[in-house]
Amino acid sequence: VTIGFSQVGDEGDWRPAFSKDMQDEAKKEGIDLKFADAQGKEEDQLKAVRAFIAQKVDAIIIAPVVTTGWSQVLEEAKKAGIPVFLADRDVEGDKSLFVARISADFNLEGKLAGAWLAQASKGNCKIVELQGTVGSAPAIERKKGFEAIISQFPEMKIIKSQSGNFTTDGGKKVMEAFIKATDNLKGVCGVFAHNDNMQLGAIQAMKEAGLKPGKDFLMVSVDYVPAMKEALAAGDANASVELRSAIGKYIYPVVTDYLKDKKELPKWIVIPSDLHASATPGN
Amino acid sequence: MKHSSDIRPHAPAPSRLRALMAHRAVWPVLALALILAVDGMISPGFFQIRIVEGRLFGNLVDILYRAAPTALVALGMAVVIGTKGIDLSVGSIVAIVGAVITWRIHAGDPHWLVLVIALGSALLCGLWNGCLVAVLDIQPIIATLILMTSGRGIGLMINLLYGGTNPSFTSPLLQGLSVGHVGLIPTRLVLFVAIFAALWLLVRRTAFGLMLESVGSSPAAANIVGINARLIIYAAYLISAFCSGWAGVVLAADTHTSDPVSIGLNIELDAILAVVIGGGSLAGGRVYLGMTILGALVIQALTTSILTSGLPPEYNLVVKAVVVICVLLLQSANLRRALTHALYHALARTKR
Amino acid sequence: MNEKFLPLLATIAVFVAIFVIGGLLYNNFMSTQVLGDILADNAFIITAAFGTTFVILSGGIDLSIGSMIGFVGVVIANLDLAGWHPLLAAALMLGFGFLFGALQGLIIDICDIQPFIVTLAGLFLLRGACFMINLDSVPIQNGFVGWFSGLGIPLPGGGVLRSSAIVMLLALAGGIVIAHFTRFGANVYAIGGDRTSATLMGVPVRRTTVGIYALGGFYSALGGVIYAFYTSSGYPLAGSGAELTAIASVVLGGTMLTGGVGMVAGTLFGGMILGLIATIIIFNGTLNGAWIMIVSGVLLFVFIVLQRSLVGSLRMRGAA
Amino acid sequence: MAQDAPQGRRFESPRASFDASGPKKPGDGDEVGGTCLEQTIVTARIEMLGVSKAFPGVRALDGVDFRVEAGEVHALMGENGAGKSTLIKIMTGAVQGDAGEIRLDGQTVRIGSTGDAQALGIGTVYQEVNLVPTMSVTKNMTLLRQPKRFGLIDWREARRRARQRLERLNIASQIDVERPLGSYSVAVQQLVAIARALEDDTRVLVLDEPTASLDANETALLFGIVRDLKARGIAIVFITHFIDQVYAIADRISVLRNGRRVGSAPTSELPPLQLIPMMLGRELETTERRAASESSAIHGEPILVAEGVGRRRVMAPFDLTLRPGEVVGLSGLLGSGRTEVAKLVFGAIKRDSGKLTIAGAEVKSASPARSLHLGVAYCPEDRKAEGLFAELSVRENIILGLQTKRGWLRRLSFDAQQALAEAMIEALGIATPDADKPVGQLSGGNQQKVVLARALTSDPRILILDEPTRGIDVGAHAEIVALIRKLCAEGLALLVASSELDELVAVSDRIAVLRDRRKVGEIEERAIDRQTIIDTIAGART
């Protein structure tokens, strides 16, 4: 079978790992994968899907850059009789245009992080937040999820929040500024970063300022990339919500099965995202 | 047909010259002062400088510290712009250098060698750009756009050479160059001053600067005079590449990871802005190194103050845009003249 | 044979060549469907690039178009939430684009600040405005948009000439008329060719400059409208980086960044060439992100060199 | 042109102080300008009253009155930097004056832009060719006045009009109106500019050194046209440094000096011997054409030998030798290839045939850089495009020649630069407030002097000058001729391309004559005179 897969891009650690896994799994399963990387651009992704249709692939998997703007092209896919599946992000509008969404849940990730922080800080914590790229879906969703939880706790609030563009470098710069602005994070008890790269940057910045992340500050973020595993082991960070990157093995079977017997599937097949925490510090 | 606006003071040459110099510097300085003043108001402790972990620590230090890479790139950019060119590929060069460093360290080369290789690879990029512009004479924006688009890809490829996505490294030497400090002073500042001094000597104490400016002013005429315009342009792109390369070393060692997609993102825009705020003209013909640094400081001061201000991130760009516009309007002598001009005509009309 | 057409011919030749090569490499490539898709998918950038062509012809540059595209979309979508009819919103934004461009032009001319910088500020400003209006991407519910973006003239061989492409072609026609058959157009070429001379010849430089950037703003706003309708949504990050693509299209189309030389029609094919590059890469389908960046850079290089050498050889023949 | 011309061009003074020239410094007495202002009997076609203009460090104009009657050719004379161009730029809206008033047919008019001027029927040809090189000849000629059909430009009609205009100067045959203007020589561009200025509704025609790069035939042609425009009652302002041309065409002369009008009189009442002192503020003794005795300075082996040097489609292969102390002239009509010969010898155009030997060493691949180091210097014809670095200061422009020769490592100290610049400014009498003025702001003639100065600073053994005295005033011209001879006496070899026969006759030991981009003959020392040259060019003799 020939499957077209339109990926968002290469940013951070998680995406490339995800792309790589999809390509490797495809080889294993003997699938002819047409891989298209949209460089984070919506328009490139639309081009890709159109091209897949023109190529008459058997199925299309999309990891949408953005949730809107799909109806038109999905219509075309439907006309061409090509089933469409979604990986991670959801799309707005008519759900009948795609077969199923197989993904984790950004919002849930935010919630998990929030919940962990609430529990670790006994519901009393001043938080600084490192947001992802402004306007990007994960940033928006994780923020919403996180806030949904901490809003339950009157003593928990975000006192500073800036965008670190999902990058180590960005996270470090922002944290440096926060450290100055809050006079060495006085009164701050937790740091929530929308991804591990930023958190790792933040950790560097804090160490360079002579602070002890993971000991004096609760550090929670999302992705659970290898570098973060080390940080957790070293006790520099406290918790990271795993966003599985090796999910080819979840996705392809669903697609291939569907191609065999066009059986209706649940619209959303959730890939569990679980939280990994180092021993929570005594406080 | 009387225009008070067109009359300018008659002053003997030297003092007028000095006035001119002053004139060029005064607006960026004013802008910088204003920005800092605002910071001082919104966050009280803004100016305090302490000694933490044996080095100077505080917002003002941060501004210098963070401005260093941008300023470096901007210096190279100023030289290229002096030749009527422009170099969009600086960000990609930073990415490539970062990737090369990480790669070679993983390959176990001695770290001084890694540094050499990294700068070497940057110079290669410079050779490429120079070749496109000087030899194939492709228009600079497009010529450097080519490396801009592919450079980060090359970085990613290098990462993939040995598996890891965004691999990290540890290197006392390189990290020392970036986040280390000699005495109380951050090393990167010391090195920056060294590079600036070298570049300044090259541009102002040899005839290179003059030839550069003549090429930027009129390539045809430069050729007739017997200047090898090609060579000069080549040199300009090499210098730019070297500066970006060094910035790459600093930035990569800063987070000691190779993240080609995002490292030094949009640094070319900040660099160009710095040059222009420093009074450089994209039409070429002049190189102001010192002023360029001033420009870089203005930009970094702005960025730092946005970060410390606690403003929600969705406002960053608007604030940046507004401030930049204001600075430029401040600088524009024409605006002032045009205003007086308009005023004059308004009055004239009312008289009739 | 008039020399000034050579770059255009070269560009077209290159385009055809790639199209054929692609056809030989991949099946289903050389089809009206792919052609139609390329036209439709790149319509918004190419339309914006028409405006950029004027700006570049006058020796200037416009970096604000990417943000303009995003901004227009965001506003239309959010006005849709507020119950406006999309056409009304679109008209409003076209007006806005025109005025915003004019403002940029005014600043450039009065304060004589370099276009690169003024429009760079414009880029920041408009993108920032997108974020301030609404961080989420908003779908346009109004049925009209869906209907409109569905429109199209079927081509022989399964392809469709979509509404977006049609709008673009109309914009092109308009651009050609303005550039080559109005005094304004002639003045643009004059200013681009030699600003001081133009002034001495009596060209109203200020009015023209303002007009040029207004036109640029208008065209990029039109690009934004096309994009918003074609994705029937407004996305605050839409069109980021479009400015460079547009500039590349213009230059590939044979227009000199030094000003005074070039044609609007060339931009169409310049843009299509870039579209082809993307499509070929997707048809290949084995490249990961890294390779995509490298390959598109290399191809850009190859086509520029190809285009120039073609022009060169044609000139030779012409001279001989 | 004007055979009867008085020998205005042949004046020379071995040493003259330039205190008089140079721009007026502030602080000098400010007595009212326009000393001999005539009573207005008939209203003038155009009249400027008390016009003043100051540029940084320079008072370009100081209360100048200037009036031109309808149907009069009014010559505006003055040294380089006297303020001529500035005056007419104010008249035509290109520059805004600080004070003063303009009256057109009696009415006070406000000319805020060149557009206004054209609307008022003032046609202008500025000193530097000011057309757009990238645009076709047609586009240049019809800009802002394109004929329209159904609201759109009708290019066929436009082309027709362009050709028709060029016909009047009967050069339509040499010009393809679709080609970009820039692909034609300065001379051709100059003619196109003139043709453009000749609108039907023109009331005033301003010509700022239109003949600077024309040769006899074109000049004669131009004068023909000027005469019938005059007959049609058009007022014509004519700026030139060719004394004989003034007497050939002008009815009236006004003289500017240091931004003031020092006098104004009918041509008949102002013979050259009064005019020149009036312009320069000093006398100028005559000398005869360089005597054979001086030529004895020519000695020894040829320092430059070109054998069959040429390039396809640019210049047919030619031979040329040049001996130390010798001045070889290049003569020919416009487009004959003088510039090409010069550029081929210098290496600015790559030759594709022939052998070039300089100082005994064969030059395999000639290039400007190479030539420079072999001691060859070149002063280009097209100063705007190939000569000047407009943004750079006078000092930098001057020293670049020497600096390049020294190489980038051995930078001239600032003091050395200043000294060198001052010396040249002094020697060539460049009118500038100081050496740091951007050269683009100098007057045309002074710019030309700067380019010359640069060529001299690299102390060459061979000097190639293409139209060296374009737009240079009589006094300076004499200075330069004197300088050239002095250098020759010291053994410099000189190659001069010029469209000015008198100049060639005055300085040359030998003259190579070109026609249609091939060398058609060489005239030996004794045979040199206007007629021989003209005949050879015409092909009567070889």
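Lettered A, B, C and D in written order, each chain numbered from 1.
Throughout what follows, contacts are C-beta pairs under 8 Å (C-beta built on N, C-alpha and C of every residue); 3 or more make two chains touch, one makes a residue touch a chain.
The shown structure was predicted, so the numbers you read here are calculated from the model rather than taken from an experiment.
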(Q) Treat touching chains as neighbours: how many steps, at the fewest, connect chain A to chain D? (A) 2
Q | Between C-D and A-C, the pair joined by more C-beta contacts | A | A-C
Q: Measure off the straight-line distance from the CA centroid of chain A to the CA centroid of chain C, and report it in whole Å.
A: 33
Q. How big is the gap, in whole Å, between where the Cα atoms of chain B centre and where those of chain D centre?
A. 43
Q: Give, as an integer number of Å, the spacing between the C-alpha centres of chain C and chain B.
A: 29
Q | chain C residues counted as touching two or more neighbouring chains | A | 131, 135, 288-290, 292-293
Q) For chain B, which residues are shared contacts with two or more other chains? A) 156, 313-314, 316
(Q) According to the definition already given, which pairs of chains are in contact? (A) A-B, A-C, B-C, B-D, C-D
**Q.** Of all residues in chain A, those that touch chain C in their complex
**A.** 4, 7, 9-10, 16, 19-20, 23, 33-37, 39-44, 46-48, 50-52, 54-56, 66-69, 71-72, 75, 92-93, 133-137, 140
Q | Residues of chain B that touch chain D when the two form their complex | A | 1-3, 6-8, 10-11, 13, 16-17, 205-208, 210-211, 213-214, 217-218, 220-228, 285-286
Q | chain A contact footprint on chain C (complex, rising order) | A | 26, 28-29, 31, 33-34, 37, 40-41, 44-45, 130-131, 135-139, 146, 149-150, 227, 230-241, 275, 278-279, 281-283, 285-290, 292-293
Q. What part of chain B is in contact with chain C in the complex they form?
A. 88, 132, 136, 138-139, 141-142, 145-157, 159-160, 269, 272-273, 276, 281-283, 313-322, 324-325, 328-329, 331-332, 334-335, 338
Q. Given the complex with chain B, which residues does chain C contribute to the contact?
A. 61, 107, 110-114, 116-118, 120-125, 127-129, 131-132, 135, 244, 247-248, 251, 256-258, 288-298, 300-301, 304-305, 308
